[in-house]
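The first chain written gets the first letter, and so on, giving A, B, C and D; residue counts start at 1 in each chain.
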Amino acid sequence: MSITSEQALKAVTETLAEGVSRGLKPLSAIVLDAGGHPLAFQRADGASPGRYAIAHGKAYGAVMLGMTGSAQMKRAEDQHYFMTAANGVFGGAVVPVPGGILIRDDAGAVIGALGVTGDTSDNDAEAGLAALKAAGLSGEA
Amino acid sequence: MSITSEQALKAVTETLAEGVSRGLKPLSAIVLDAGGHPLAFQRADGASPGRYAIAHGKAYGAVMLGMTGSAQMKRAEDQHYFMTAANGVFGGAVVPVPGGILIRDDAGAVIGALGVTGDTSDNDAEAGLAALKAAGLSGEA
Amino acid sequence: MSITSEQALKAVTETLAEGVSRGLKPLSAIVLDAGGHPLAFQRADGASPGRYAIAHGKAYGAVMLGMTGSAQMKRAEDQHYFMTAANGVFGGAVVPVPGGILIRDDAGAVIGALGVTGDTSDNDAEAGLAALKAAGLSGEA
Amino acid sequence: MSITSEQALKAVTETLAEGVSRGLKPLSAIVLDAGGHPLAFQRADGASPGRYAIAHGKAYGAVMLGMTGSAQMKRAEDQHYFMTAANGVFGGAVVPVPGGILIRDDAGAVIGALGVTGDTSDNDAEAGLAALKAAGLSGEA
(Lines give C-alpha, C1' and ligand atoms only; values in the text may rest on other atoms or scores of the structure.)
Protein backbone atom coordinates (compact mmCIF):
# COMPACT_ATOMS: atom_id res chain seq x y z
CA MET A 1 0.00 0.00 0.00
CA SER A 2 1.23 3.45 -0.82
CA ILE A 3 -0.03 6.99 -0.22
CA THR A 4 -1.94 8.37 -3.20
CA SER A 5 -1.30 11.82 -4.57
CA GLU A 6 -4.81 12.82 -3.52
CA GLN A 7 -4.34 11.58 0.06
CA ALA A 8 -1.03 13.40 0.29
CA LEU A 9 -2.58 16.66 -0.88
CA LYS A 10 -5.45 16.27 1.55
CA ALA A 11 -3.10 15.65 4.48
CA VAL A 12 -1.19 18.80 3.54
CA THR A 13 -4.21 21.07 3.10
CA GLU A 14 -5.84 19.69 6.25
CA THR A 15 -2.68 20.48 8.20
CA LEU A 16 -2.80 24.12 7.13
CA ALA A 17 -6.52 24.21 7.97
CA GLU A 18 -5.81 22.75 11.42
CA GLY A 19 -3.28 25.51 11.95
CA VAL A 20 -5.93 28.13 11.20
CA SER A 21 -8.63 26.54 13.34
CA ARG A 22 -6.19 26.15 16.28
CA GLY A 23 -4.96 29.72 15.97
CA LEU A 24 -1.38 28.68 15.26
CA LYS A 25 1.19 30.64 13.29
CA PRO A 26 1.08 29.97 9.53
CA LEU A 27 2.00 26.33 8.89
CA SER A 28 3.78 24.57 6.06
CA ALA A 29 3.37 20.85 5.41
CA ILE A 30 4.81 18.19 3.14
CA VAL A 31 4.05 14.53 2.52
CA LEU A 32 6.88 12.27 1.38
CA ASP A 33 6.45 8.75 0.01
CA ALA A 34 8.12 5.62 1.41
CA GLY A 35 11.33 6.52 -0.43
CA GLY A 36 11.48 10.05 0.98
CA HIS A 37 10.32 11.76 -2.23
CA PRO A 38 7.80 14.65 -2.19
CA LEU A 39 4.17 13.96 -3.07
CA ALA A 40 2.56 17.24 -1.96
CA PHE A 41 3.48 20.48 -0.23
CA GLN A 42 1.88 23.78 0.72
CA ARG A 43 3.14 26.85 2.60
CA ALA A 44 0.57 29.15 4.18
CA ASP A 45 0.54 32.88 3.56
CA GLY A 46 2.76 34.62 6.06
CA ALA A 47 5.13 31.68 6.66
CA SER A 48 8.84 32.41 6.22
CA PRO A 49 10.41 31.40 2.90
CA GLY A 50 12.64 28.68 4.37
CA ARG A 51 9.74 26.56 5.58
CA TYR A 52 9.92 24.06 2.73
CA ALA A 53 13.34 22.93 3.88
CA ILE A 54 12.30 22.61 7.52
CA ALA A 55 9.09 20.70 6.72
CA HIS A 56 11.03 18.47 4.34
CA GLY A 57 13.76 17.86 6.91
CA LYS A 58 11.28 16.71 9.54
CA ALA A 59 9.58 14.28 7.18
CA TYR A 60 12.78 13.12 5.49
CA GLY A 61 14.50 12.12 8.70
CA ALA A 62 11.41 10.21 9.76
CA VAL A 63 11.25 8.18 6.55
CA MET A 64 14.95 7.56 6.10
CA LEU A 65 15.59 6.49 9.68
CA GLY A 66 12.16 4.97 10.33
CA MET A 67 11.96 7.14 13.49
CA THR A 68 9.41 9.78 14.50
CA GLY A 69 10.56 13.34 15.11
CA SER A 70 10.08 12.77 18.84
CA ALA A 71 12.30 9.69 18.77
CA GLN A 72 14.95 11.55 16.77
CA MET A 73 14.88 14.42 19.25
CA LYS A 74 15.39 12.00 22.16
CA ARG A 75 18.32 10.42 20.31
CA ALA A 76 19.79 13.86 19.59
CA GLU A 77 19.55 14.70 23.29
CA ASP A 78 21.00 11.34 24.44
CA GLN A 79 23.67 10.98 21.76
CA HIS A 80 24.06 14.19 19.81
CA TYR A 81 26.98 12.94 17.71
CA PHE A 82 24.82 10.14 16.28
CA MET A 83 22.20 12.53 14.92
CA THR A 84 24.95 14.86 13.69
CA ALA A 85 26.54 11.95 11.87
CA ALA A 86 23.18 10.76 10.52
CA ASN A 87 22.69 14.21 9.10
CA GLY A 88 26.13 13.98 7.52
CA VAL A 89 25.26 10.85 5.60
CA PHE A 90 21.90 12.34 4.55
CA GLY A 91 23.40 15.57 3.24
CA GLY A 92 22.25 17.73 6.12
CA ALA A 93 18.61 17.13 5.20
CA VAL A 94 17.36 15.86 8.58
CA VAL A 95 15.56 18.06 11.16
CA PRO A 96 15.24 15.87 14.31
CA VAL A 97 12.33 17.44 16.23
CA PRO A 98 8.58 16.83 16.60
CA GLY A 99 6.59 17.57 13.46
CA GLY A 100 8.15 14.65 11.60
CA ILE A 101 5.29 12.15 11.59
CA LEU A 102 5.53 8.58 10.30
CA ILE A 103 2.58 7.41 8.18
CA ARG A 104 1.90 3.67 8.48
CA ASP A 105 -0.34 1.27 6.56
CA ASP A 106 -2.74 -1.17 8.24
CA ALA A 107 0.07 -3.69 8.66
CA GLY A 108 2.24 -1.12 10.41
CA ALA A 109 4.73 -0.61 7.58
CA VAL A 110 6.01 2.94 7.02
CA ILE A 111 4.52 4.25 3.77
CA GLY A 112 5.73 7.83 4.08
CA ALA A 113 5.84 10.81 6.40
CA LEU A 114 4.22 14.16 7.04
CA GLY A 115 6.46 17.08 7.95
CA VAL A 116 4.92 20.14 9.65
CA THR A 117 6.54 23.42 10.66
CA GLY A 118 5.58 26.96 11.62
CA ASP A 119 4.48 26.95 15.26
CA THR A 120 6.09 25.16 18.23
CA SER A 121 7.28 21.68 17.35
CA ASP A 122 4.64 20.13 19.61
CA ASN A 123 1.83 22.18 18.07
CA ASP A 124 3.14 21.29 14.60
CA ALA A 125 2.96 17.60 15.50
CA GLU A 126 -0.55 17.82 16.96
CA ALA A 127 -1.92 19.66 13.94
CA GLY A 128 -0.32 17.07 11.66
CA LEU A 129 -1.76 14.13 13.55
CA ALA A 130 -5.26 15.63 13.39
CA ALA A 131 -4.83 16.28 9.67
CA LEU A 132 -3.74 12.73 8.96
CA LYS A 133 -6.83 11.46 10.76
CA ALA A 134 -8.99 13.72 8.59
CA ALA A 135 -7.22 12.35 5.51
CA GLY A 136 -7.85 8.75 6.57
CA LEU A 137 -4.19 8.03 7.27
CA SER A 138 -2.52 6.65 10.40
CA GLY A 139 0.22 8.81 11.92
CA GLU A 140 2.81 8.38 14.66
CA ALA A 141 4.53 11.52 15.94
CA MET B 1 1.47 41.87 -5.51
CA SER B 2 2.45 38.34 -4.65
CA ILE B 3 1.06 34.87 -5.33
CA THR B 4 -1.15 33.63 -2.51
CA SER B 5 -0.82 30.15 -1.09
CA GLU B 6 -4.30 29.37 -2.41
CA GLN B 7 -3.46 30.57 -5.93
CA ALA B 8 -0.27 28.54 -5.91
CA LEU B 9 -2.10 25.40 -4.86
CA LYS B 10 -4.77 25.97 -7.50
CA ALA B 11 -2.14 26.42 -10.25
CA VAL B 12 -0.54 23.16 -9.19
CA THR B 13 -3.73 21.09 -8.97
CA GLU B 14 -5.02 22.58 -12.25
CA THR B 15 -1.76 21.57 -13.95
CA LEU B 16 -2.22 17.96 -12.90
CA ALA B 17 -5.88 18.11 -14.03
CA GLU B 18 -4.80 19.54 -17.41
CA GLY B 19 -2.42 16.60 -17.77
CA VAL B 20 -5.26 14.16 -17.21
CA SER B 21 -7.69 15.94 -19.57
CA ARG B 22 -5.03 16.15 -22.32
CA GLY B 23 -4.05 12.49 -21.92
CA LEU B 24 -0.47 13.30 -20.93
CA LYS B 25 1.82 11.17 -18.78
CA PRO B 26 1.44 11.83 -15.03
CA LEU B 27 2.55 15.41 -14.30
CA SER B 28 4.22 17.06 -11.34
CA ALA B 29 4.01 20.80 -10.72
CA ILE B 30 5.46 23.35 -8.33
CA VAL B 31 4.90 27.05 -7.75
CA LEU B 32 7.77 29.14 -6.39
CA ASP B 33 7.43 32.68 -5.07
CA ALA B 34 9.41 35.69 -6.24
CA GLY B 35 12.37 34.59 -4.12
CA GLY B 36 12.44 31.10 -5.62
CA HIS B 37 10.94 29.41 -2.53
CA PRO B 38 8.27 26.70 -2.76
CA LEU B 39 4.62 27.62 -2.17
CA ALA B 40 2.88 24.47 -3.40
CA PHE B 41 3.71 21.16 -5.08
CA GLN B 42 1.96 17.98 -6.15
CA ARG B 43 3.17 14.82 -7.93
CA ALA B 44 0.58 12.71 -9.73
CA ASP B 45 0.26 8.98 -9.12
CA GLY B 46 2.57 7.10 -11.46
CA ALA B 47 5.14 9.88 -11.88
CA SER B 48 8.76 8.87 -11.16
CA PRO B 49 10.12 9.81 -7.71
CA GLY B 50 12.63 12.33 -9.04
CA ARG B 51 9.98 14.65 -10.47
CA TYR B 52 10.09 17.12 -7.59
CA ALA B 53 13.69 17.96 -8.42
CA ILE B 54 12.96 18.40 -12.14
CA ALA B 55 9.86 20.54 -11.60
CA HIS B 56 11.72 22.63 -9.05
CA GLY B 57 14.68 23.04 -11.38
CA LYS B 58 12.49 24.36 -14.19
CA ALA B 59 10.76 26.90 -11.97
CA TYR B 60 13.88 27.84 -10.04
CA GLY B 61 15.89 28.70 -13.15
CA ALA B 62 12.99 30.81 -14.40
CA VAL B 63 12.73 32.88 -11.22
CA MET B 64 16.42 33.23 -10.49
CA LEU B 65 17.37 34.22 -14.02
CA GLY B 66 14.11 35.97 -14.91
CA MET B 67 14.03 33.83 -18.07
CA THR B 68 11.40 31.36 -19.28
CA GLY B 69 12.34 27.73 -19.81
CA SER B 70 12.21 28.30 -23.57
CA ALA B 71 14.61 31.23 -23.34
CA GLN B 72 16.93 29.22 -21.13
CA MET B 73 16.88 26.33 -23.60
CA LYS B 74 17.79 28.66 -26.46
CA ARG B 75 20.64 30.02 -24.38
CA ALA B 76 21.81 26.46 -23.58
CA GLU B 77 21.82 25.63 -27.27
CA ASP B 78 23.55 28.88 -28.29
CA GLN B 79 25.99 29.14 -25.41
CA HIS B 80 26.01 25.95 -23.35
CA TYR B 81 28.87 27.14 -21.12
CA PHE B 82 26.72 30.03 -19.88
CA MET B 83 23.95 27.75 -18.63
CA THR B 84 26.56 25.36 -17.20
CA ALA B 85 28.13 28.28 -15.36
CA ALA B 86 24.72 29.54 -14.22
CA ASN B 87 24.11 26.09 -12.76
CA GLY B 88 27.44 26.32 -11.01
CA VAL B 89 26.47 29.46 -9.16
CA PHE B 90 22.97 28.11 -8.41
CA GLY B 91 24.20 24.79 -7.01
CA GLY B 92 23.11 22.70 -9.98
CA ALA B 93 19.45 23.50 -9.31
CA VAL B 94 18.49 24.85 -12.77
CA VAL B 95 16.80 22.73 -15.48
CA PRO B 96 16.82 24.92 -18.62
CA VAL B 97 13.99 23.52 -20.76
CA PRO B 98 10.32 24.39 -21.43
CA GLY B 99 8.05 23.80 -18.47
CA GLY B 100 9.66 26.61 -16.49
CA ILE B 101 6.97 29.32 -16.68
CA LEU B 102 7.33 32.86 -15.37
CA ILE B 103 4.32 34.23 -13.47
CA ARG B 104 3.87 38.01 -13.82
CA ASP B 105 1.63 40.56 -12.11
CA ASP B 106 -0.47 43.11 -13.98
CA ALA B 107 2.52 45.48 -14.21
CA GLY B 108 4.64 42.74 -15.75
CA ALA B 109 6.86 42.10 -12.74
CA VAL B 110 7.88 38.49 -12.06
CA ILE B 111 6.08 37.29 -8.92
CA GLY B 112 7.07 33.63 -9.16
CA ALA B 113 7.22 30.65 -11.48
CA LEU B 114 5.44 27.41 -12.23
CA GLY B 115 7.53 24.33 -13.00
CA VAL B 116 5.94 21.38 -14.80
CA THR B 117 7.42 17.99 -15.71
CA GLY B 118 6.29 14.53 -16.77
CA ASP B 119 5.48 14.60 -20.48
CA THR B 120 7.45 16.26 -23.31
CA SER B 121 8.80 19.66 -22.33
CA ASP B 122 6.45 21.37 -24.77
CA ASN B 123 3.39 19.54 -23.46
CA ASP B 124 4.47 20.34 -19.91
CA ALA B 125 4.61 24.03 -20.79
CA GLU B 126 1.21 24.06 -22.52
CA ALA B 127 -0.50 22.32 -19.62
CA GLY B 128 1.08 24.79 -17.21
CA LEU B 129 -0.02 27.83 -19.19
CA ALA B 130 -3.59 26.57 -19.29
CA ALA B 131 -3.51 25.89 -15.57
CA LEU B 132 -2.25 29.37 -14.75
CA LYS B 133 -5.10 30.83 -16.76
CA ALA B 134 -7.57 28.72 -14.79
CA ALA B 135 -5.96 29.98 -11.58
CA GLY B 136 -6.27 33.59 -12.67
CA LEU B 137 -2.54 34.07 -13.09
CA SER B 138 -0.55 35.31 -16.07
CA GLY B 139 2.15 33.00 -17.39
CA GLU B 140 4.97 33.23 -19.93
CA ALA B 141 6.58 29.98 -21.06
CA MET C 1 4.32 -4.93 -5.22
CA SER C 2 7.90 -4.30 -4.24
CA ILE C 3 11.21 -6.12 -4.75
CA THR C 4 12.13 -8.34 -1.80
CA SER C 5 15.58 -8.33 -0.31
CA GLU C 6 16.01 -11.93 -1.45
CA GLN C 7 15.01 -11.13 -5.05
CA ALA C 8 17.36 -8.17 -5.09
CA LEU C 9 20.27 -10.27 -3.87
CA LYS C 10 19.51 -12.97 -6.44
CA ALA C 11 19.40 -10.43 -9.28
CA VAL C 12 22.79 -9.11 -8.17
CA THR C 13 24.51 -12.48 -7.77
CA GLU C 14 23.01 -13.76 -11.04
CA THR C 15 24.39 -10.71 -12.82
CA LEU C 16 27.91 -11.47 -11.64
CA ALA C 17 27.42 -15.13 -12.62
CA GLU C 18 26.22 -14.06 -16.10
CA GLY C 19 29.40 -12.01 -16.42
CA VAL C 20 31.52 -15.07 -15.70
CA SER C 21 29.60 -17.39 -18.01
CA ARG C 22 29.73 -14.86 -20.85
CA GLY C 23 33.45 -14.24 -20.38
CA LEU C 24 32.97 -10.55 -19.55
CA LYS C 25 35.24 -8.42 -17.42
CA PRO C 26 34.40 -8.54 -13.67
CA LEU C 27 30.95 -7.05 -13.12
CA SER C 28 29.40 -5.10 -10.28
CA ALA C 29 25.64 -4.92 -9.79
CA ILE C 30 23.17 -3.11 -7.55
CA VAL C 31 19.41 -3.28 -7.08
CA LEU C 32 17.61 -0.15 -5.91
CA ASP C 33 14.02 -0.03 -4.67
CA ALA C 34 11.28 2.20 -6.11
CA GLY C 35 12.63 5.15 -4.12
CA GLY C 36 16.19 4.75 -5.40
CA HIS C 37 17.54 3.21 -2.19
CA PRO C 38 19.98 0.24 -2.22
CA LEU C 39 18.65 -3.25 -1.51
CA ALA C 40 21.66 -5.36 -2.57
CA PHE C 41 25.08 -4.92 -4.16
CA GLN C 42 28.09 -7.03 -5.06
CA ARG C 43 31.39 -6.21 -6.77
CA ALA C 44 33.29 -9.08 -8.39
CA ASP C 45 36.96 -9.77 -7.64
CA GLY C 46 39.12 -7.78 -10.02
CA ALA C 47 36.64 -4.94 -10.60
CA SER C 48 37.98 -1.43 -9.99
CA PRO C 49 37.10 0.17 -6.64
CA GLY C 50 34.86 2.86 -8.12
CA ARG C 51 32.33 0.41 -9.52
CA TYR C 52 29.78 0.92 -6.74
CA ALA C 53 29.30 4.53 -7.78
CA ILE C 54 28.95 3.66 -11.48
CA ALA C 55 26.50 0.81 -10.88
CA HIS C 56 24.53 3.00 -8.49
CA GLY C 57 24.48 5.89 -10.96
CA LYS C 58 23.05 3.74 -13.73
CA ALA C 59 20.27 2.37 -11.53
CA TYR C 60 19.60 5.66 -9.75
CA GLY C 61 19.02 7.65 -12.92
CA ALA C 62 16.66 4.95 -14.16
CA VAL C 63 14.51 5.03 -11.03
CA MET C 64 14.51 8.77 -10.46
CA LEU C 65 13.70 9.69 -14.05
CA GLY C 66 11.66 6.58 -14.90
CA MET C 67 13.88 6.14 -17.97
CA THR C 68 16.11 3.23 -18.99
CA GLY C 69 19.84 3.78 -19.43
CA SER C 70 19.35 3.53 -23.20
CA ALA C 71 16.67 6.23 -23.15
CA GLN C 72 18.84 8.45 -20.97
CA MET C 73 21.77 7.99 -23.36
CA LYS C 74 19.59 9.01 -26.32
CA ARG C 75 18.44 12.09 -24.40
CA ALA C 76 22.06 12.94 -23.52
CA GLU C 77 22.99 12.68 -27.20
CA ASP C 78 19.97 14.69 -28.39
CA GLN C 79 19.93 17.31 -25.64
CA HIS C 80 23.10 17.08 -23.56
CA TYR C 81 22.25 20.08 -21.39
CA PHE C 82 19.09 18.42 -20.14
CA MET C 83 20.96 15.38 -18.80
CA THR C 84 23.67 17.66 -17.40
CA ALA C 85 20.97 19.64 -15.60
CA ALA C 86 19.20 16.48 -14.44
CA ASN C 87 22.47 15.37 -12.91
CA GLY C 88 22.76 18.72 -11.22
CA VAL C 89 19.45 18.34 -9.43
CA PHE C 90 20.31 14.75 -8.46
CA GLY C 91 23.70 15.63 -6.99
CA GLY C 92 25.76 14.25 -9.85
CA ALA C 93 24.53 10.74 -9.09
CA VAL C 94 23.18 9.83 -12.56
CA VAL C 95 25.15 7.77 -15.13
CA PRO C 96 23.06 7.92 -18.34
CA VAL C 97 24.19 4.86 -20.34
CA PRO C 98 22.98 1.28 -20.88
CA GLY C 99 23.27 -0.92 -17.83
CA GLY C 100 20.58 1.06 -16.00
CA ILE C 101 17.64 -1.34 -16.17
CA LEU C 102 14.11 -0.56 -14.99
CA ILE C 103 12.39 -3.33 -13.03
CA ARG C 104 8.62 -3.38 -13.48
CA ASP C 105 5.80 -5.24 -11.75
CA ASP C 106 3.08 -7.15 -13.60
CA ALA C 107 1.05 -3.94 -14.01
CA GLY C 108 4.03 -2.16 -15.58
CA ALA C 109 4.83 0.12 -12.62
CA VAL C 110 8.51 0.77 -11.89
CA ILE C 111 9.41 -1.04 -8.65
CA GLY C 112 13.16 -0.45 -8.79
CA ALA C 113 16.21 -0.75 -11.01
CA LEU C 114 19.26 -2.88 -11.60
CA GLY C 115 22.55 -1.15 -12.32
CA VAL C 116 25.37 -3.11 -13.97
CA THR C 117 28.91 -2.03 -14.80
CA GLY C 118 32.29 -3.55 -15.68
CA ASP C 119 32.23 -4.49 -19.37
CA THR C 120 30.86 -2.50 -22.32
CA SER C 121 27.59 -0.78 -21.51
CA ASP C 122 25.72 -3.05 -23.93
CA ASN C 123 27.20 -6.20 -22.45
CA ASP C 124 26.41 -4.90 -18.96
CA ALA C 125 22.78 -4.42 -19.98
CA GLU C 126 22.46 -7.87 -21.58
CA ALA C 127 23.93 -9.62 -18.57
CA GLY C 128 21.58 -7.69 -16.31
CA LEU C 129 18.50 -8.55 -18.35
CA ALA C 130 19.39 -12.25 -18.27
CA ALA C 131 19.96 -12.07 -14.52
CA LEU C 132 16.60 -10.43 -13.88
CA LYS C 133 14.91 -13.19 -15.85
CA ALA C 134 16.69 -15.78 -13.69
CA ALA C 135 15.51 -13.91 -10.61
CA GLY C 136 11.89 -13.88 -11.80
CA LEU C 137 11.85 -10.13 -12.38
CA SER C 138 10.90 -8.15 -15.46
CA GLY C 139 13.53 -5.77 -16.82
CA GLU C 140 13.64 -3.03 -19.47
CA ALA C 141 17.07 -1.80 -20.56
CA MET D 1 45.59 -10.68 1.74
CA SER D 2 42.30 -9.08 0.83
CA ILE D 3 38.63 -9.89 1.33
CA THR D 4 37.16 -11.76 -1.63
CA SER D 5 33.84 -10.80 -3.14
CA GLU D 6 32.45 -14.16 -2.00
CA GLN D 7 33.62 -13.65 1.60
CA ALA D 8 32.15 -10.16 1.64
CA LEU D 9 28.79 -11.39 0.42
CA LYS D 10 28.81 -14.21 2.98
CA ALA D 11 29.59 -11.79 5.82
CA VAL D 12 26.67 -9.63 4.71
CA THR D 13 24.13 -12.42 4.31
CA GLU D 14 25.23 -14.06 7.57
CA THR D 15 24.72 -10.74 9.36
CA LEU D 16 21.13 -10.55 8.18
CA ALA D 17 20.62 -14.21 9.16
CA GLU D 18 22.06 -13.51 12.64
CA GLY D 19 19.56 -10.70 12.97
CA VAL D 20 16.70 -13.06 12.24
CA SER D 21 17.94 -15.82 14.55
CA ARG D 22 18.49 -13.32 17.38
CA GLY D 23 15.06 -11.74 16.93
CA LEU D 24 16.50 -8.31 16.11
CA LYS D 25 14.87 -5.62 14.00
CA PRO D 26 15.61 -5.99 10.25
CA LEU D 27 19.35 -5.47 9.69
CA SER D 28 21.37 -4.00 6.85
CA ALA D 29 25.04 -4.80 6.34
CA ILE D 30 27.89 -3.73 4.11
CA VAL D 31 31.48 -4.88 3.63
CA LEU D 32 34.06 -2.35 2.47
CA ASP D 33 37.55 -3.22 1.23
CA ALA D 34 40.81 -1.82 2.62
CA GLY D 35 40.30 1.34 0.57
CA GLY D 36 36.80 1.94 1.94
CA HIS D 37 35.02 0.85 -1.27
CA PRO D 38 31.89 -1.34 -1.23
CA LEU D 39 32.22 -5.06 -1.94
CA ALA D 40 28.76 -6.29 -0.88
CA PHE D 41 25.58 -4.98 0.71
CA GLN D 42 22.11 -6.20 1.61
CA ARG D 43 19.14 -4.55 3.32
CA ALA D 44 16.54 -6.80 4.96
CA ASP D 45 12.84 -6.47 4.19
CA GLY D 46 11.29 -3.97 6.56
CA ALA D 47 14.43 -1.90 7.18
CA SER D 48 14.09 1.84 6.57
CA PRO D 49 15.37 3.14 3.22
CA GLY D 50 18.23 5.14 4.72
CA ARG D 51 19.99 2.10 6.12
CA TYR D 52 22.58 1.91 3.33
CA ALA D 53 23.96 5.28 4.36
CA ILE D 54 24.12 4.36 8.05
CA ALA D 55 25.73 0.96 7.45
CA HIS D 56 28.22 2.54 5.05
CA GLY D 57 29.02 5.30 7.51
CA LYS D 58 29.82 2.84 10.28
CA ALA D 59 32.14 0.76 8.08
CA TYR D 60 33.67 3.77 6.30
CA GLY D 61 34.74 5.48 9.50
CA ALA D 62 36.27 2.24 10.73
CA VAL D 63 38.39 1.74 7.61
CA MET D 64 39.37 5.34 7.03
CA LEU D 65 40.38 5.99 10.63
CA GLY D 66 41.52 2.44 11.46
CA MET D 67 39.27 2.63 14.54
CA THR D 68 36.36 0.42 15.56
CA GLY D 69 32.93 1.94 15.99
CA SER D 70 33.29 1.57 19.76
CA ALA D 71 36.59 3.45 19.74
CA GLN D 72 35.09 6.17 17.56
CA MET D 73 32.12 6.51 19.93
CA LYS D 74 34.47 6.91 22.90
CA ARG D 75 36.37 9.57 20.98
CA ALA D 76 33.11 11.34 20.08
CA GLU D 77 32.15 11.37 23.77
CA ASP D 78 35.59 12.50 24.97
CA GLN D 79 36.38 14.96 22.19
CA HIS D 80 33.31 15.59 20.02
CA TYR D 81 35.07 18.27 17.94
CA PHE D 82 37.60 15.72 16.72
CA MET D 83 34.93 13.42 15.28
CA THR D 84 33.07 16.43 13.87
CA ALA D 85 36.27 17.55 12.20
CA ALA D 86 36.99 14.01 10.96
CA ASN D 87 33.55 14.04 9.37
CA GLY D 88 34.41 17.35 7.75
CA VAL D 89 37.42 15.92 5.98
CA PHE D 90 35.54 12.73 5.06
CA GLY D 91 32.53 14.54 3.60
CA GLY D 92 30.17 13.70 6.44
CA ALA D 93 30.35 10.00 5.66
CA VAL D 94 31.37 8.72 9.12
CA VAL D 95 28.89 7.32 11.69
CA PRO D 96 30.92 6.86 14.91
CA VAL D 97 28.99 4.23 16.87
CA PRO D 98 29.21 0.45 17.42
CA GLY D 99 28.37 -1.60 14.36
CA GLY D 100 31.50 -0.43 12.53
CA ILE D 101 33.69 -3.51 12.71
CA LEU D 102 37.31 -3.71 11.53
CA ILE D 103 38.22 -6.83 9.57
CA ARG D 104 41.86 -7.93 10.02
CA ASP D 105 44.06 -10.51 8.31
CA ASP D 106 46.18 -13.08 10.20
CA ALA D 107 48.98 -10.54 10.61
CA GLY D 108 46.57 -8.04 12.15
CA ALA D 109 46.43 -5.64 9.20
CA VAL D 110 43.08 -4.01 8.44
CA ILE D 111 41.72 -5.47 5.20
CA GLY D 112 38.27 -3.88 5.35
CA ALA D 113 35.26 -3.33 7.56
CA LEU D 114 31.73 -4.56 8.15
CA GLY D 115 29.03 -2.01 8.88
CA VAL D 116 25.78 -3.15 10.53
CA THR D 117 22.65 -1.16 11.38
CA GLY D 118 19.00 -1.72 12.27
CA ASP D 119 18.79 -2.64 15.96
CA THR D 120 20.64 -1.07 18.91
CA SER D 121 24.26 -0.30 18.09
CA ASP D 122 25.46 -2.99 20.50
CA ASN D 123 23.18 -5.65 19.01
CA ASP D 124 24.30 -4.60 15.53
CA ALA D 125 27.93 -5.12 16.54
CA GLU D 126 27.32 -8.52 18.12
CA ALA D 127 25.43 -9.81 15.09
CA GLY D 128 28.22 -8.59 12.84
CA LEU D 129 30.97 -10.25 14.89
CA ALA D 130 29.12 -13.58 14.80
CA ALA D 131 28.61 -13.25 11.06
CA LEU D 132 32.29 -12.56 10.40
CA LYS D 133 33.19 -15.68 12.36
CA ALA D 134 30.77 -17.70 10.22
CA ALA D 135 32.41 -16.21 7.12
CA GLY D 136 35.89 -17.16 8.33
CA LEU D 137 36.94 -13.56 8.91
CA SER D 138 38.36 -11.92 12.00
CA GLY D 139 36.50 -8.91 13.35
CA GLU D 140 37.10 -6.28 16.01
CA ALA D 141 34.12 -4.18 17.08
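Everything that follows uses one rule, which is that a residue touches a chain if its C-beta (ideal position, glycine included) is under 8 Å from a C-beta of that chain, and two chains touch if they have at least 3 such contacts.
Model, not experiment: these values are computed from the prediction.
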CA centroid of subunit A to CA centroid of subunit C, Å: 31
CA centroid of subunit A to CA centroid of subunit D, Å: 30
Separation of subunit B from subunit D, taking each centre as the mean of its C-alpha atoms, in whole Å: 43
Sequence positions of subunit C contacting 2 or more other chains: 33-37, 91
Contact graph of the chains (line, ring, star, complete, other): other
Inter-chain touch pairs (all): A-B, A-C, A-D, B-C, C-D
Residue ranges of subunit A touching subunit C (in the complex, touch as defined): 33-37, 91
Partner subunit B, residues of subunit A touching it in the complex: 4-5, 8-9, 13, 16, 30, 33, 35, 37-45, 49-50, 52
Residue ranges of subunit D touching subunit A (in the complex, touch as defined): 46-50, 53-54, 56-57, 73, 76-77, 80, 83-84, 87, 91-97
Residues of subunit A touching subunit D in the complex: 34-36, 63-67, 79-82, 84-92, 109-110
